[in-house]
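Per-chain residue numbering starts at 1, and chain names A, B, C and D are given in the order in which the chains are listed.
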Amino acid sequence: MVKPSYANYIAPTMAHADIIVPRGGENKVAIHLIVQHVHTQLQLRGFKLRETLVNSYKDQPMPDSLHLLPPTPQIKGLHTFIRCRGTSRDEFIFYSKRLIRLVIEYALSLFPFKTTTVETPQGVLYEGKRMGSRKICGVSILRAGETMEQAICDVCKDIRIGKILIQTNRNTGEPELYYLRLPKDIKDYKVILMDATVATGAAAMMALRVLLDHDVPEENIILASLLMAEIGVHSIAYAFPKVRIVTSALDPEVNEKFYVIPGIGNFGDRYFGTEPSDDYL
Amino acid sequence: MVKPSYANYIAPTMAHADIIVPRGGENKVAIHLIVQHVHTQLQLRGFKLRETLVNSYKDQPMPDSLHLLPPTPQIKGLHTFIRCRGTSRDEFIFYSKRLIRLVIEYALSLFPFKTTTVETPQGVLYEGKRMGSRKICGVSILRAGETMEQAICDVCKDIRIGKILIQTNRNTGEPELYYLRLPKDIKDYKVILMDATVATGAAAMMALRVLLDHDVPEENIILASLLMAEIGVHSIAYAFPKVRIVTSALDPEVNEKFYVIPGIGNFGDRYFGTEPSDDYL
Amino acid sequence: MVKPSYANYIAPTMAHADIIVPRGGENKVAIHLIVQHVHTQLQLRGFKLRETLVNSYKDQPMPDSLHLLPPTPQIKGLHTFIRCRGTSRDEFIFYSKRLIRLVIEYALSLFPFKTTTVETPQGVLYEGKRMGSRKICGVSILRAGETMEQAICDVCKDIRIGKILIQTNRNTGEPELYYLRLPKDIKDYKVILMDATVATGAAAMMALRVLLDHDVPEENIILASLLMAEIGVHSIAYAFPKVRIVTSALDPEVNEKFYVIPGIGNFGDRYFGTEPSDDYL
Amino acid sequence: MVKPSYANYIAPTMAHADIIVPRGGENKVAIHLIVQHVHTQLQLRGFKLRETLVNSYKDQPMPDSLHLLPPTPQIKGLHTFIRCRGTSRDEFIFYSKRLIRLVIEYALSLFPFKTTTVETPQGVLYEGKRMGSRKICGVSILRAGETMEQAICDVCKDIRIGKILIQTNRNTGEPELYYLRLPKDIKDYKVILMDATVATGAAAMMALRVLLDHDVPEENIILASLLMAEIGVHSIAYAFPKVRIVTSALDPEVNEKFYVIPGIGNFGDRYFGTEPSDDYL
C-alpha cells in the first residue's frame, strides 16, 4: 500500500524539492541540517520586519528608558577625540577608556540605594547610602563591548563578567549567537550589558533576549554604550521597554553598512588595531 | 535515455542515501550543507588521529622549542595561589595577573635584540640594546587567553591585539573556528599567541594554523601560557617545530574531560566568575 | 666720623638686641638666619589671626567659588564606604580611588572648552569641543594629596605632576613648607591642586600662596578634595576668591585635633597603612 | 670690672665675629640659630669623610650583598629607552614602569619560601611554595622612590607603604630627614626600601639608619633601585652589610653634581615633568 502511494503522491513532487530526506524521522543528519536552515530563514525574515519597524519610529520622541549622559562640553570633548579620524591609536584608547569610565559610573548610579548609618574613625555617625544589591555583574558583547570590562572591574570590586559573541551572518545580515558564558544564577543579579556602539540594535537585542532566556528580569538590566543610533534606541526600547538604556551620545543615522553616522568608525578595529573589514559588528 | 538510467541505476540506491540532492550542481542550498558536514567529519578524524599521536610521545624528552620559566620558589608560590581550589576570586585574579606579567616578559625576552648607542642626559654615551623589530602583536585565544591582554599592553606600547575564538564541538570533541580578527599585515609581525592553559593543544594548534594561513612565519610566533600539559607541548612542537613555546609550569596529565592535572581548574570560569560547565576549552 | 657715631648711637642699643650682625650687608650667614626667623614669626601671627577670622564665617552662605559634586546616592555611597571605621584597607583604597576619579573629572569639567569640528572615519563632520588649554598640571600636597595623582594621570595624558610638602609645626600649629617641586613655567598652566581632605585649610592656603608666588593666576587654579570642612572652604574662599574649590562632601566641623567631623579619619594613614599619629596634616 | 674686660678683650674681637649673641645663655633665639648652624657644619664634615672612604673602595670586588638583575638584552633594552636623553616623557614613564616591575619582582624573590601542599579544583594535590612571611611593606624615598610604589602595590596585595623624605642641604651637600611616616610595628616586617637611583648612597644610608632606629633588623631589609653607582653600593654594603641591595644596573661613576654617570638624568624630574634643578636628590 505504501509503494503505490509513493509513486502517486510523493515521487512526482520530488522534482520540485530542494532537498529530500530518505528514511523519514530516523534520518537525524538530514533533519538537523534542515532545522538549522529553517532557523536561519526565520531570523532573516525577522530582520526585514524589523527594518520596516525602524522606519516607523521616525519623528517619535526618545523613549523614557533612555538615560543620556548630560551632554557637557567635557563629554563632547571626549567624543571629539575618539570620533576624529586622525586621532592616533594611543589617544583613541586613552580617551575611550576615560569616556567608558564615565558611562559605567552613570549606569551604576541608576541602581537603587538605601539609607544606612556608619561610624567614622572619629566615633561620629554618618548617614550614608548603600546600594540595594551588591549582586551586580557585567556582560560584554564581543569584541567592542570587552573594551568596557576594565572600567567595570575598576569600579565594582570582584565583579563577575559574562561574555556574549554575536556575529552577523554576511548572507542574511542577521545576528547569530556564537559564544556565551554567563555567571551562575545570573537571574539573581543586576546586569550591566555592555557594547561600545549600538547601530540598529540587532546584536544588543539578541543579547537581551539571551539574558531574558536566563530569567534575568528586564528591569534588572541596563544596556550601556558609548554611542547609539536613534533607531537602535527606538527598536530596543520598543522590544524591551523596562531595560534602561545608557549612552554618552545619540547619533541620528545608520548607513547601509550599518555604521552609526556621524559615528566613531569601527570601534573594535580602532581600539585593538586590527584590520578594517566589511563586517559590521 | 536519462529516465531509464535513473530508474535502473539511481533510484535503487536512494533507499540507502542519507541525503538526496535534486537538481544536481545547481542546488546550492544542499551543496553548502554537505560541504559543511564533510568538513566537520574530516576534523573529527584528524582529532582521533592526533590522540593516537599523543600516546606516542610518552617518555620522550621535552622539545627544544619549549622555554619553561625557571621554576623558582616565587613562580611556584604564584602557582600555589592560583592552583588552590580554596583561593578567593579576588586573590585568584590578583596573582594570575602577576604570573601572566612574568610569562609575557619572559616571552618577549626571546625576541632578538641589536646593539645600539644612546646619549644620556649627562651627555655620556651608553651602549644599550634595542629589539630588532618593533612590530610585535598579541593574539589571544578566547576566553582565557584574553586575561593576558592587559599584561602585554602594559609591556608593549600601543600593541595591536588580535583575537581568535575556537570552540570545541561537543559532538566531535574537535575544535572549530568561530571568530577571528587580526591586525592587518600580520605576516610582518612577531606574534605572541596567548592562552592561559594548554591541555591537548588542539585549540592552540588550530590558532597556529590560522596564523600560518595568514603567512606569519612559524619562527616569528611565540605561544605563551601559564600552564601546559606535557602532551600538549609535544603535539604542538611536533606539528610546528619552529614555534617557540613559553609556559610557567608543565603538568604531566590531561584527564578525560581534557583538564590539565593537577591543573588550575577552568581558568576562564575562575577569572571571570562564570558558571563551571562541561565545556573543556 | 663713623667711630664716634658708633659709640654714641649704636653701641648703647646693643644691650637690648636679640642678635647683632657685624659687617652689615656682607654678613650673609647672619642675614639668612634672621630672614628665616622673621618668616616663621609672620606665619605664626597669620595663623592666630586666621582662627579669629574663621569664627566670623559662622552662618554665612557658602562662597560661589565652591563647586560641590551633586550629592547623589552614588557619591554618598562611596563616602559611606570610606568614612566607615570598619572598612578594610583593601576596600578603603578601592572606593577612595573611585571617588577620587569622579572628583578629578568634575574639576576638569570646570575648565573652558571651545567648539571645534572634526571628521569621523565615515567622512562625516562632527561638531565637538576641545579644552581651551592643553597645558594642565597637577600639584599634590603630600602625603594624602598624592593618592589623587594616579587619577589625574589616568585622565590627562602625560600630565606633569608637582609636589608640595607642608608640615605643621607642633609648637606653633602653623604649616611650614618642607619640600617643593613644580613643573617649569607653571605660570602658563591651569593647575589642579590636590589634597584628600581640607580641615582648617591652613596647608591648602600655604600651597596656594606658593603657587601665586610662582605667578600662577588665581583664576587658573582649582583646589580639589574628597572632603572639606566648611570653615576651611570659607577661609580659602576669603583669602583666594578666584580659586575654584571642588569637593565631593562638606562637613560642618573641625575638632581640636584639626580633624574634620564626622570626617574620614586620617586619610593618608588609612590609605598607606601607616601608624596613626597626633600629626594633624 | 666687667666693663674694662669687655673693652679690652671682647670688643676688639667683635670685628671678626660672624654673629654676636648679646645677653649670653638667656638669648634662646640666637642660641637656637647657632645650634642649627653647628649641626649643619658637622654633617658637612661627615660627608667629606665619607668621600675619602669612597675612594678607598676603588678596585675592590662588589659586595656579596649586591643582587644585580641578570643583564639580559631585555633589561639593557629598557635601560636604553630610559637613559636616552631624547626619549619622550610618555615613553620614559612607560618603560620605567616596566623596569621597576622587574626590579620589584626580583627583590621579592630574595625572601625565603616554605614548601606547602594545596588541592587543585580537580581534587589533586599540588606541592607548591608559600612566602615565609606575609608581613611585607614598602618604604619609598621621596620623590623618585615613589615612582616604585605602584609596582609593589600591583605585586603584593594590600601592602603598606611608608615614606621618607630626605633632602640635601645645598650648603653642606649633606642629607637631612624632612618627613617620615612608617607602618606601625615596622620592626615585624620585611621591608623593601625603594629609590629610583642611588649615587653616593647618602640618602639611602640615612633611610636605612631610620629603619634600624625603628628596630627593623638589617637582614629584613632589601634596598631596591633601577640604577646604582658602584661607590654607592660599596658605601651601603660597608655600613649595612646584611642589607641586600637589588638593582637593574651598575654605573661606574658619580660626577661632581652627584649624578650617576653615564646615568639616567634626574629621574624624578623626567618622570613627573618638573623643572630640572641643581638639587641632586
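Assume contacts are C-beta pairs under 8 Å (C-beta built on N, C-alpha and C of every residue); 3 or more make two chains touch, one makes a residue touch a chain.
Protein identities per chain, from UniProt: A, B, C, D = uridine/cytidine kinase.
All values derive from a computational prediction rather than experimental measurement.
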Neighbouring chains common to chain B (uridine/cytidine kinase) and chain C (uridine/cytidine kinase), by label: A, D
Cα superposition angle of chain A (uridine/cytidine kinase) on its copy chain C (uridine/cytidine kinase), in degrees to the nearest 5: 175
Centroid spacing, where centroids are CA-atom means, of chain B (uridine/cytidine kinase) and chain D (uridine/cytidine kinase) in whole angstrom: 45
Chain A (uridine/cytidine kinase)-chain B (uridine/cytidine kinase) separation of Cα centroids, rounded to whole Å: 27
Centre-of-Cα separation between chain D (uridine/cytidine kinase) and chain A (uridine/cytidine kinase), whole angstrom: 53
Junction residues of chain C (uridine/cytidine kinase) - those touching two or more other chains: 157
All pairs of touching chains, each written as two labels joined by a dash: A-B, A-C, B-D, C-D
Interfacial residue positions of chain C (uridine/cytidine kinase) with respect to chain D (uridine/cytidine kinase) in the complex: 14-22, 27, 29-30, 33, 37, 89-90, 93, 137, 142-143, 146, 150, 157-163, 165, 167, 178-179, 181-184, 268-269, 272-277
Interfacial residue positions of chain B (uridine/cytidine kinase) with respect to chain D (uridine/cytidine kinase) in the complex: 72-74, 76-77, 79-80, 83-86, 91, 94, 97-98, 101-102, 105, 108-109, 113, 116, 118-126, 128-131, 154-155, 157, 255, 259, 261-266, 270
